[in-house]
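The structure that follows is given in the form of structure tokens.
As written, the chain order gives the labels A, B, C, D, E and F, with residue 1 at the start of each chain.
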Amino acid sequence: MKDIYIADLVNFDEGTTFDGFFLVLAKQQRTTKNNKPYLNLILGDKTGQLEGRVWELGDPRIARDFDRGDIVKARGSASRFDDRLQMKIDQLRKATAGEADISDMLPSTACNVDDLWHTLLGFVESFTNPDLKLLLSTMLSDPAIAKAYREAPAARQLHHAWLGGLLEHVVSLLNLAERVATHYPMLDRDLLITGVILHDIGKVTELSWETGFEYRVEGVLLGHIQMGVALTEKTIDSLTGFPPKLKTLVLHMILSHHGKLEFGSPKLPMIPEALVLNFLDDLDAKMQAVQSEFDKSIREGKGPDELTGKVWALDQRQLLNTRRWLGES
Amino acid sequence: MKDIYIADLVNFDEGTTFDGFFLVLAKQQRTTKNNKPYLNLILGDKTGQLEGRVWELGDPRIARDFDRGDIVKARGSASRFDDRLQMKIDQLRKATAGEADISDMLPSTACNVDDLWHTLLGFVESFTNPDLKLLLSTMLSDPAIAKAYREAPAARQLHHAWLGGLLEHVVSLLNLAERVATHYPMLDRDLLITGVILHDIGKVTELSWETGFEYRVEGVLLGHIQMGVALTEKTIDSLTGFPPKLKTLVLHMILSHHGKLEFGSPKLPMIPEALVLNFLDDLDAKMQAVQSEFDKSIREGKGPDELTGKVWALDQRQLLNTRRWLGES
Amino acid sequence: MKDIYIADLVNFDEGTTFDGFFLVLAKQQRTTKNNKPYLNLILGDKTGQLEGRVWELGDPRIARDFDRGDIVKARGSASRFDDRLQMKIDQLRKATAGEADISDMLPSTACNVDDLWHTLLGFVESFTNPDLKLLLSTMLSDPAIAKAYREAPAARQLHHAWLGGLLEHVVSLLNLAERVATHYPMLDRDLLITGVILHDIGKVTELSWETGFEYRVEGVLLGHIQMGVALTEKTIDSLTGFPPKLKTLVLHMILSHHGKLEFGSPKLPMIPEALVLNFLDDLDAKMQAVQSEFDKSIREGKGPDELTGKVWALDQRQLLNTRRWLGES
Amino acid sequence: MKDIYIADLVNFDEGTTFDGFFLVLAKQQRTTKNNKPYLNLILGDKTGQLEGRVWELGDPRIARDFDRGDIVKARGSASRFDDRLQMKIDQLRKATAGEADISDMLPSTACNVDDLWHTLLGFVESFTNPDLKLLLSTMLSDPAIAKAYREAPAARQLHHAWLGGLLEHVVSLLNLAERVATHYPMLDRDLLITGVILHDIGKVTELSWETGFEYRVEGVLLGHIQMGVALTEKTIDSLTGFPPKLKTLVLHMILSHHGKLEFGSPKLPMIPEALVLNFLDDLDAKMQAVQSEFDKSIREGKGPDELTGKVWALDQRQLLNTRRWLGES
Amino acid sequence: MKDIYIADLVNFDEGTTFDGFFLVLAKQQRTTKNNKPYLNLILGDKTGQLEGRVWELGDPRIARDFDRGDIVKARGSASRFDDRLQMKIDQLRKATAGEADISDMLPSTACNVDDLWHTLLGFVESFTNPDLKLLLSTMLSDPAIAKAYREAPAARQLHHAWLGGLLEHVVSLLNLAERVATHYPMLDRDLLITGVILHDIGKVTELSWETGFEYRVEGVLLGHIQMGVALTEKTIDSLTGFPPKLKTLVLHMILSHHGKLEFGSPKLPMIPEALVLNFLDDLDAKMQAVQSEFDKSIREGKGPDELTGKVWALDQRQLLNTRRWLGES
Amino acid sequence: MKDIYIADLVNFDEGTTFDGFFLVLAKQQRTTKNNKPYLNLILGDKTGQLEGRVWELGDPRIARDFDRGDIVKARGSASRFDDRLQMKIDQLRKATAGEADISDMLPSTACNVDDLWHTLLGFVESFTNPDLKLLLSTMLSDPAIAKAYREAPAARQLHHAWLGGLLEHVVSLLNLAERVATHYPMLDRDLLITGVILHDIGKVTELSWETGFEYRVEGVLLGHIQMGVALTEKTIDSLTGFPPKLKTLVLHMILSHHGKLEFGSPKLPMIPEALVLNFLDDLDAKMQAVQSEFDKSIREGKGPDELTGKVWALDQRQLLNTRRWLGES
């Protein structure tokens, strides 16, 4: 485990020194307006990311043989620029193998992944539809898929995404879907739950997360919807006797879950289960965005009367934290 | 109670005679392409509506002294035109006072209104917020409001609306909101429930439903959102010590519940409770539309492989009934 | 071969009799405004479709045991209603097996399918890329695919679609793409040609054309883009050593060929070949629509100064036939 | 009255010293790229606003005990950065009570507020409709409303807004509306004039202008349309015998005056007076924006051939000053 | 002058006979559902248009040698079909030369054209800008232009258009523009007035109105904006010494007067005069549409509580007649 | 010919000195954050443009008497700021007449303009339509038009535009149009080719390119579509006996070539030739944008796996270079 984290640094006073391991998320040579060259880095670990600057480029204590994706050991002091904290780096070298743990270097879910995974498998266990149960247990017992599903972030943007993010999002959605499924008897509960588990499964191949979160070229050209459909179809075709109509419905759930053509779903939801999946996925994503903004406002020291920043997921709307404004929390 | 209903007529063979009381929903003088004059009526009762034609205008058994909104007694036989059933009317007279019951004449909810009302009051009873509890019990104990709330349809269009429709919609939404409120701890449950109960309360003055479902002129010029806000604000202002911030939040819930400016909400949802109210209101309306279309497809004899008609609430999309297609129901 | 075709009927004078085989495209029981019942049919053959009416329903010469999709033998006379020609049918019976040829009953391309197919295979033969050549020859030598590809219409709407329409459209596009590929050296010609051949291949499973042109339920829920991608991916996965990057590019060509998210492509064209495919597909479809409208205007007797009807494919725009207006043709 | 104004400073040469009272509109701690800390201020008075910088933070002549909304006395010299003038501040202290006049500190209308108010009351005096006359004189004789109406800016953005801006805008609109009302005899002139006077009255509670122009939280959640309707409705309900239909029309004028749902009006104009109000309000706002841009171009030294900057109120369009281009002014 | 007008016929009882001259606006051969052939005509005169039917096609009293655009003498009786009045025509012949006056045959302005023209010329006379004065007097003194300007309708649709409609619209706009020009001193009044007079002048060549109102093919391909610009440019180029900048401004006024690219203006208004021209043209068109709908509602017997029909010019909105609803008129 | 070009400078190491002639594209006085004044210039020549800074403003070797549009001789050294190369200028003076060639100072086509012009004239020579041939040879033999047509850029933005760009774009389009014209026999080839040659001819007056590429005020107010139509119409009107219908079609081709109202075409394409012109113009512009982005990615050292920057002409989409990704080039 690391000694010092980005989240700790943020609370440092200007001038306090630090010394620790970080993942290099970006590296760029720059010059100040007064022609002074420096190295601009973005360093991260599981608790966040921060800009760092190296001013003494010729100093022998500053390594040159590192790149984006490497883990480095950096020593320096906290500094402020335009009201934002930065790292002023005086010494820097590449970490040797085993010296630091990659799992400490990327943000990851605050939940226990084993618990989340257990919950997910519990939902599959509860199915009464044997075909859907077989499909899901086949897919989730594939070691490569299971590993990736437990690790994958839900999106690329660092501030919205973390290791285990996909699984965390799906489990929240499972609990919500279960509540709604029992409210509307018309819904085929197992089909809905299947859609929840598989809707974003293409993200395990669309994204890479070994050295920061990025789209693979294949991901950009095909997209996680197509990749998820292909993976699911391949599994179904390997099962004997999976009902063709059920196959069509499962694939339709994945294809249509973005709910609108302009959001990249080539088909609109045409069955009640697909309609509900799209609604709940959208609601849950928005509620998480709201919660994040409320947390951020508190971290930034905003008062209860102040609106949050503009929320991308809500068309740049600003929100008010009800409970704080009412003085309830 | 009536002897014969529109719903019965629809199953009549061509030529079968009928004799019963109906509400006149429309009345128009017309002529066939061959210059034969006739009277075209739309007659309705609680089970539906049907077109009727009077061919023998001079016949003394055909009254002339009736108008839209009157109850009439009509006798005639079932007839088909372009595959649709019609009423061929041979005798017609205005009903005398007490001869027929207006409550039989308009479609109304299949649920027990007293039960629905009791459920609604139970939710208010469960509040821990004393101000919101007082606001709602004050409004709902106003006899005029209570009567109208129990009677009002949720919309004007006859095929989507019925007496008690507003209450039925709200109670469905209450149960759904309760489930979702417990899933997201950030939500102020009593505020959300208050929004559910009050969001459409302006419809009790926007619409009239004595003689068919119509918008009042005031309703057209101001809208139920404004009317609901005004009614709520007036009640709040009559209560001593209602917290001003809470007043703002309650009014904001009503104002923003359509979720988009172009749907007539002058403000977008800016608190989590308003966001959830808009989502659930939208989902519940769509799920009811889907259920109605599935019922209609079955009534119309469509096969399990056939898509429904185009659903207005879903941008004219056609849907597939999952369970029927899979042979599950 | 049939003795009489819909196209001949259209030139009949009112009252001329006919006697021939037709495919039943629609069948509906109706009543006139004066309560006279009749059977309304839409009858078609390879040259077009026409409305027909049966007035003497009880006549023993009128069969009752036929339905949509059957071939019938009908006798009657030409009649006019609101300036449109109709068939007044006096006798009607189901055709016996072998009595009529289904290939006469649906509109089909005016081109020689064998020639078109030969041209298509010639393009594949000309490839220098061995992987793409192998992929296409594998797919096109599958008897089921080859049969369906030669038969499939390009769309459902009868007036825009005919047997062999898909193949005819693709061959036109191949010739156009070849000309454009040589104009822009940056283009990978074999990849572009592969895209042309495969872009609509999903239509062979999206549509059915045995008894009129219809979407299958699977086609409605998944769409021809997804179906074409799945078919192509399955074939590629069966080939040893197909380059993974090339696979991604081929699938991307199919996925993106509608050119806009709102037209059902889940990804926009991101390589030059996909961009060109989308442009040419769109241009060729529009030019065919224009040609059809010009032909229709001439058939309808419009003068050279008159604009065509509103063209659906061109946003309901009306066009002017340059050459006719200038008196050049 | 102040000795020196922001507007004077703008014409200073670099290096000229100043000494005067200003309102603190923003205050932020910053650091240069070279790690030099400074205090960044936005200082304003009735003639404009300007950025100021304090470099010698430890200097005892620089106060620390002031905040946004305070009036301060600042001494320093004019300085240029990136072609924009700034204030380099050497001494700074909070003003003592009575030392400076808040009315000098915010931009305010160039017109005489008493004259504007008199004109407004003259319009009310001229009404022939006794109910509307009573409504308006009741509202405008409320001391709190009258005071706020005379003070309120028309919008939050400093460069578009000033004290008395609402009143100035309304009086311009009154004169324009009078001209148009006499052109169209169909218009109810008193109703139109009532709409002009009340359409933005909700801004007196939506905005605060004591220490710069800001939206109140209530203003953000409810909006000035709703607030204006509520204030008007409350007044009407306090009058005996105000005609209900007239009440509906007056409220409709306020509700619909933004003219489009997407601009925040929950109802579109449905009476001629509302239609005209929306047109004239929009035209007058745009003409003021154009005039401001022309003035700004001259201030910035642009030539007659140069287009203005992009005008926000005209969808970022750039304009040409007709008279200057023609050499007429 | 004619003896009988369409407007008179509308008030006839069923069966009343008529005998008069009318312009043939449309002629079509049709058949009833029962196969009875008839001739369907649309006959018009200056007061309106009406459908007419000829049932006895073989009758020697029914001429066959007439076509669209001819004046005919028709005798018959009033008849009703689906609540609309029709003309049942028993005798019909082509009018001989001189027997009827074409000026009686098309709807035309209710104003005195000479007075309107005089007003228009008076505005030109009042100009202080000699170049604009010369431009306009040159154009308006061209006999062909003057004749066409006095005759042209403002649009093709019969119910919105009449002979002299262009001139009537322009004169209304002149009076309105004069009022607004004096309200905004920034405006170049002569340039604005020039724009009002010339903005729609291209309609004199875009439309034809000899035999009903139609677009010419050239009008459809080029549009009245381009045609008006070309006509104006040609005149300016024929004048010696017309200032080039003024030419650009005048042409820009015409080009941009539709105000939006999607309404067919290739340039948006970029000078204040063009901005105002677009606003006033739009307002005046909408006010006329509103007035027409109010008149139509009264003609159709609607009550004061009833909304008008859907107004095309106002995005299908329905309106309420303020004065009638209040009982003021 | 110049000794040193911007393109050479870009490859200089930091500190390398230069000495050469450049065109001043922009000149602005600025100050650093630390209050140090400097002169910021954008200097260009035919190979590109670069930012330059003058720090020693008082130095007698730095001229003050130059302005935008002048050619200057500048001496200094290469410098880096924020990873971008800049010119640090130590000496600077205005060039004397004849010392430098303006043709070296602006970017220009890499093609031989005489060859392009010859190709263009060859297309005109090949016409079979004598009227169109006469029109084009008349226009292109006008020395002023010919000179401007050979010089004009195709657009204002420096990175998309160069001297001779219009001609280069048209010749590429001519070759493409010829290929497509022979594919669709319905097309009038000479009319299509005429449209290609004239569609952007208004740019010769819309833009100025003597001292950088700018819109003239007249260009901004009228646009190149209108200017091209006017120039063409004037020429046609000077020819005796040019067929009026052909004139209308030629003007329509120019008017409609942007293809959509919102792109500034006041009429949509209504003839096949106009439809094709719009498609090919759009395709060719996009293919050039793609090629430019691919070149730029290589210049910037991006790897084959990296997407290009966001392409403005393709709605900010990023592209992948097929051949590079496949390792084919």
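To be clear about the criterion, a contact is a pair of C-beta atoms (placed from the backbone, for glycine too) under 8 Å apart; a residue touches a chain by one contact, two chains touch by 3 or more.
This one's a predicted model, so the numbers in the text were calculated from it and none came from an experiment.
Visitor: Moving step by step between touching chains, how few steps can get you from chain B to chain E?
Guide: The distance in steps between these two chains is 1.
Visitor: Shared touching chains for chain D and chain F?
Guide: Joint contacts, listed by label: A, E.
Visitor: For the pairs C-F and A-F, output the one whose chains share more C-beta pairs in contact.
Guide: Contact tally favours C-F.
Visitor: Between copies chain C and chain E, are the contact residues mostly the same numbers or mostly different, with half as the line?
Guide: Chain C and chain E contact each other through largely non-matching residue numbers.
Visitor: Centre to centre, by mean C-alpha position, how many angstrom separate chain A and chain B?
Guide: Comparing mean C-alpha positions, chain B is 44 Å from chain A.
Visitor: Quick check on chain D: which residues sit in contact with 2+ other chains?
Guide: As it turns out, chain D has residues touching two or more other chains at 33-34, 217, 220-221, 249, 270-271, 307, 318, 320, 325.
Visitor: Once you've mapped the touching chain pairs, tell me: line, ring, star, complete or other?
Guide: The chain contacts form none of line, ring, star or complete graph.
Visitor: Okay, what are all the chain pairs that touch?
Guide: According to the stated criterion, the contacting chain pairs are A-B, A-C, A-D, A-F, B-C, B-D, B-E, C-E, C-F, D-E, D-F, E-F.
Visitor: Sort out for me which residues of chain D touch chain F in the complex.
Guide: It is residues 32-34, 36, 79-83, 305, 307, 318, 320, 325 of chain D that touch chain F.
Visitor: Please name which positions on chain C make contact with chain F in the complex.
Guide: 175-176, 179-180, 183-184, 186, 188, 191, 243, 245-246, 249, 268, 270-273, 275-276, 279, 282-283, 286-287, 290-291, 294, 307, 314, 317-323, 325-326, 328
Visitor: Touching chain D in the complex: which residues of chain F?
Guide: Answer in residue numbers: 28-35, 37, 217, 220-221.
Visitor: Could you list, by residue number, the parts of chain D that touch chain B in their complex?
Guide: So the residues of chain D in touch with chain B come to 217-218, 220-223, 225-226, 229-230, 233, 244, 248-249, 251-252, 255, 261-267, 270-271.
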